[in-house]
Amino acid sequence: MNFASDNWAGVSPKVAAALSEAADGLAPAYGFDDLTQAAEAKIAETFETDVAVFFVATGTAANALSLAAASGPGAIGFCHADAHIAIDEGGAPAFLGRGLTLTTLSGANGKIDTDALDRALSFYPAGSFQRGTPRVVSLSQASEAGTAYTADEVAAIADIARRRDMTVHMDGARFANAVAHLGCTPAEITWKAGVDLLSFGLTKTGAWCAEAIVVFDRSKAPDVAAHRKQAGHLFSKSRFISAQMLAMLDGDHWLELAGRANGAAGRLAAGLERSKNARLAWPCQSNEVFAHIAAARLARLQDEGARIYPWEVRGAPESEASRPGETRVRMITNFATPDREIDAFLDALDRD
Amino acid sequence: MNFASDNWAGVSPKVAAALSEAADGLAPAYGFDDLTQAAEAKIAETFETDVAVFFVATGTAANALSLAAASGPGAIGFCHADAHIAIDEGGAPAFLGRGLTLTTLSGANGKIDTDALDRALSFYPAGSFQRGTPRVVSLSQASEAGTAYTADEVAAIADIARRRDMTVHMDGARFANAVAHLGCTPAEITWKAGVDLLSFGLTKTGAWCAEAIVVFDRSKAPDVAAHRKQAGHLFSKSRFISAQMLAMLDGDHWLELAGRANGAAGRLAAGLERSKNARLAWPCQSNEVFAHIAAARLARLQDEGARIYPWEVRGAPESEASRPGETRVRMITNFATPDREIDAFLDALDRD
Amino acid sequence: MNFASDNWAGVSPKVAAALSEAADGLAPAYGFDDLTQAAEAKIAETFETDVAVFFVATGTAANALSLAAASGPGAIGFCHADAHIAIDEGGAPAFLGRGLTLTTLSGANGKIDTDALDRALSFYPAGSFQRGTPRVVSLSQASEAGTAYTADEVAAIADIARRRDMTVHMDGARFANAVAHLGCTPAEITWKAGVDLLSFGLTKTGAWCAEAIVVFDRSKAPDVAAHRKQAGHLFSKSRFISAQMLAMLDGDHWLELAGRANGAAGRLAAGLERSKNARLAWPCQSNEVFAHIAAARLARLQDEGARIYPWEVRGAPESEASRPGETRVRMITNFATPDREIDAFLDALDRD
Amino acid sequence: MNFASDNWAGVSPKVAAALSEAADGLAPAYGFDDLTQAAEAKIAETFETDVAVFFVATGTAANALSLAAASGPGAIGFCHADAHIAIDEGGAPAFLGRGLTLTTLSGANGKIDTDALDRALSFYPAGSFQRGTPRVVSLSQASEAGTAYTADEVAAIADIARRRDMTVHMDGARFANAVAHLGCTPAEITWKAGVDLLSFGLTKTGAWCAEAIVVFDRSKAPDVAAHRKQAGHLFSKSRFISAQMLAMLDGDHWLELAGRANGAAGRLAAGLERSKNARLAWPCQSNEVFAHIAAARLARLQDEGARIYPWEVRGAPESEASRPGETRVRMITNFATPDREIDAFLDALDRD
């Protein structure tokens, strides 16, 4: 009954095999190798447009370097108060972003509320060096609440950003899960909806380390290559990421893996909805399930070995708060979560 | 009827004269001159303790370099949501603080609410590099709402900070006004109440440029001198600040000037309390007056030449919001604000 | 016999008077006041072209923020090995420049050798993120050896810079002295010769604190205003610099003061040339005099109270080294250096 | 005939197999997994002492974060002029080091000359915030000239560092090659010789990505964990590095691989010494061979497909320069370089 994190999973056999196959022979370093060229082309094909691709070591790096590319002196970024960039990246956006300040917004279902964004922007009059300059808005897809923005929702945020000449960044640590849930194309939910920069992460999906900054509008990110090097994120043996990326994108393996994880999460969510000891906190639209669980029951489940974590939030409206006696928990599935673990958990949840 | 800012004021004649007197002759540069030594000694005398003093160019620099001294990788700072460091310094704390992230807190009367601080800290478990490390709490004295923290209120915040091994910083851009209002000694409201670092600003009080970082606990700030230089804040002709500082502190001229500004603010506040078209937003405990004014009346006053600014806030509780038809405004007095301007304003406010 | 530094001098009576005159009355803060507008216009007039002007606190800040404006991720700057930015600013270019790396060059007479610059640039192939990207070349006018670049010499460096799309920055801490020596117009030695950004310093010339970044090519410096604020260098009472600047530029007072300092240096240099115990290290073309003095003689002079400093250099060719028994010293004059001090020194130098 | 770089090699079969074996099952993220604990213990065992270990993505990150840990405001670092940190890391030490300035030194055989280090340090008087504060000296082992410092040579540099309270960092991108050449223990050439921080790189040795910061003196590096996170270098699936590290260190596989690469380099060097068209530039003491080759001959070899690069240096004494008609080249072998490639190259070199 381990729902700790999709970071706890290993890698899909297909990814492991691809990596082994790439182990032999000589190839140019620093991304000039054939595999990396192929991986970049495959990403462009996946997104149906010309893109610039920059592999980096972690999702934190992908996010922070993307935000840095969109920033400048006195830059202000906007995100949901529970966004990973705001609370779980150890200050990377401020450091790699050379002084970027994040302004956090509340919003239901873990999504940025467009009214809240509008109000927040009104606090930053154009040309005020005291207040700083709004430069970037970042949304997580899937969100930190396990929900997925629709293309219209992304476009609504991007429209506001455009009015202030801001860049739109998408934190796609669980992008695969969102795309698998929405049933849209990767293009529809990114550049076609107004996204300029994507942190395209396939590590949680089932790779060892496969993170890329995908730049749709190159004018918005002229210095990524130099900044990546200066931040220590240019891999010498780039093909080890490229091999993973190619294995993932080939035949839509990434969406297959995400679909499996989503399916497991859906099974879990359905069970929670039926439970008398729990209720869903937010609709399950990816591989994350959030629920309010009777506190005493949670303690028993943890005693029995269930790895699920209480989850505190900062940006949710009052209406989404736990009720007395409840604790909000996060449960995450991955491409290899067995049905029997889910069923065992649901069984334990309602067992007397 | 100019209540725009105390930054609009010039300097007191005594300060101007002191500067002229210092104009002649040779003296060592970079703070090794007699005047600077004397100014530092005078500051120690004023605070009744041994201190390290670092003159810098602006209040923004004093704040950001103080925060930097208290920070480190992944540092989290805490302040009121309307603190100058959070909203009016163009991101200086994040930039000069090399990636410092500020977490903002709400609180009545412009002061940090200790419960809110406790709750916010609970979000940062010890040893979490994801969340970051709480390192510093910063309070503004006088606050951004024109109120003054009592020594007990400062101590309550410092107690919480101590429990997490955090540094306590005080933004004293209007420190003189707070001390003049409280009638306490500078020592009582700073190090005796638990403050480690003070941004000691006398520019708004009536100098051209007289800002210092005052370090009460030197172990908390070992690198200020080197960082000040690296940030371009070590003046070559240091005596030009020292002369101003000495003129200010000599015979408590700073408190005399602050008392005059406070008196003007008090006269204004009293008139607003009597007015049928306005009500005080917060008690006046310094030289800043905040009021809710009938919106139509405000427009007329501005048409008539009154320089007062609408004031949006982020950290006030709902109970402090303007009511329909009202606008919150900020009015600031200075050492030279004439009574007749105040009376003219109050007269115009209630004239039919 | 004090030749320690022009930073030891106070301010000219005209500057002191101007500051006193500006002391009264209200004026907008943060540079929106009439005096600041007038000072900016006066600087444009002085340089005979449209410019953007940014007052800052110190020459270090003017230099580092200028270099930052010309930089970006992986930026490489070039300067003489004895340039102030390379050795005497506590790392400000790297810090405020957010990771700028300086490559230092040797060159005779304290000036950048164009061959050395060419060779150094060949080490940085275009497009190499490993090596970094050449972005800016900075020259000191007057140089750190007390010499002045001619307009042709500046243009030769600027030509090389243009070929690599680099920005040209001039550290003008002693710009007045160079202009007074050269007898050219400020325009001829700056933008007409290819300079994009100037650190225009009048503090050493005879002000308290009068430093400005002057931007000739605005496209090269889009973010200076925001970065200045974020570095804590936007003065609230801007008029206190503006008053000094105006007093300086009015009636070419700055050139008059610089001419006085240069005259004193020339008198000193002439004496040294006649001396049997010293020889000039470099031609005297500003208010700095460098000489090789018999070591034993130097000790005696210092015992007698002469404030002159041994001066170690890093970028001078071997041919400029001190000979055995000699020590290189730096002597600086200022607008108020009396002839009698110079004559007393020269007398002591050759007295048996 | 590919001697481009050891970064061009893939991974040893043992490493590939270990990675495949680690692919299954769940394990805690962010380094709390068993494999990572085991890898850290194995590194401690390898170095025969208690250490703190921080895995990062690249050698650039290991170096820059190590240097950052040893730095602070106004920090000055010292290294050879041809050190990777000085010329091939895109400014990472200055950026991740938050303003660290590197002072470069010349020295024969690619090693820091202790006299040059002493002279350079004399330029930085203690307590000078203008000049900056010497904080760290970094040496590359093996050096950028393919030579290896002996334990005595390391200790001589460390002794100088100790006198100025500086930290000693070793860039060990080819640490395995140096240890294999020297025949010493890893302990003897690091902490026993005075090294405080090691960038321990096994990527070039034959892993995909296996870089660690090894801290011998924890007091010198209190903030590495937080800084690693803030720089985006904390891997979520840490076991993918740990598996590689373990496979490498198990049974001294790393030294076996390095020995193979060194052997190939030795074969190449011996051939070059016999050649009439080439001479060794520096003794071959690792897997890098530097030679002066007749320029015309080099062109022909490159035409015939030999991947060897001309190599420009900055820190070599004049006595090590190429003679007229010669070009200095770098040739690197790896764990899988076949003898036949070397022999083919040597054959082509001297073929008429």
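Think of it as A, B, C and D in the order they're written, each chain with its own count starting at 1.
Here is the rule we go by: a residue touches a chain if its C-beta (ideal position, glycine included) is under 8 Å from a C-beta of that chain, and two chains touch if they have at least 3 such contacts.
All of these numbers come straight from a predicted model, not from anything done at the bench.
Novice: More C-beta pairs touching across which pair, B-D or A-D?
Specialist: Of B-D and A-D, more C-beta pairs in contact link A-D.
Novice: How would the chain A/chain B interface be labelled, same or different, where same requires over half of its residue numbers to be shared?
Specialist: same
Novice: With centres defined as the mean C-alpha position, give me the chain B-chain D separation in Å.
Specialist: 50
Novice: Quick one: chain A and chain B, Cα centre-to-centre, how many Å?
Specialist: So the centroids are 40 Å from each other.
Novice: Could you tell me the distance, in whole angstrom, between the mean C-alpha positions of chain A and chain D?
Specialist: 35
Novice: Mind pulling the residue numbers of chain B that touch at least two other chains?
Specialist: Chain B, residues with two or more chain partners: 30, 73-74, 89-92, 95, 98-99, 129-130, 132, 226, 229-230, 234.
Novice: Which residues of chain C touch chain B in the complex?
Specialist: 2, 4-5, 7-11, 13, 15-17, 19-20, 22-30, 56-62, 64-65, 89-92, 95-96, 203-204, 208-209, 226, 229-237, 239-240
Novice: In the complex, go through chain C and note every residue touching chain D.
Specialist: The contact residues of chain C facing chain D are 73-76, 87-92, 94-95, 98-102, 122-123, 129-132, 312, 314.
Novice: So in the complex, which bits of chain C are touching chain A?
Specialist: 30, 72-74, 98-99, 129-130, 132-133, 223, 225-230, 234
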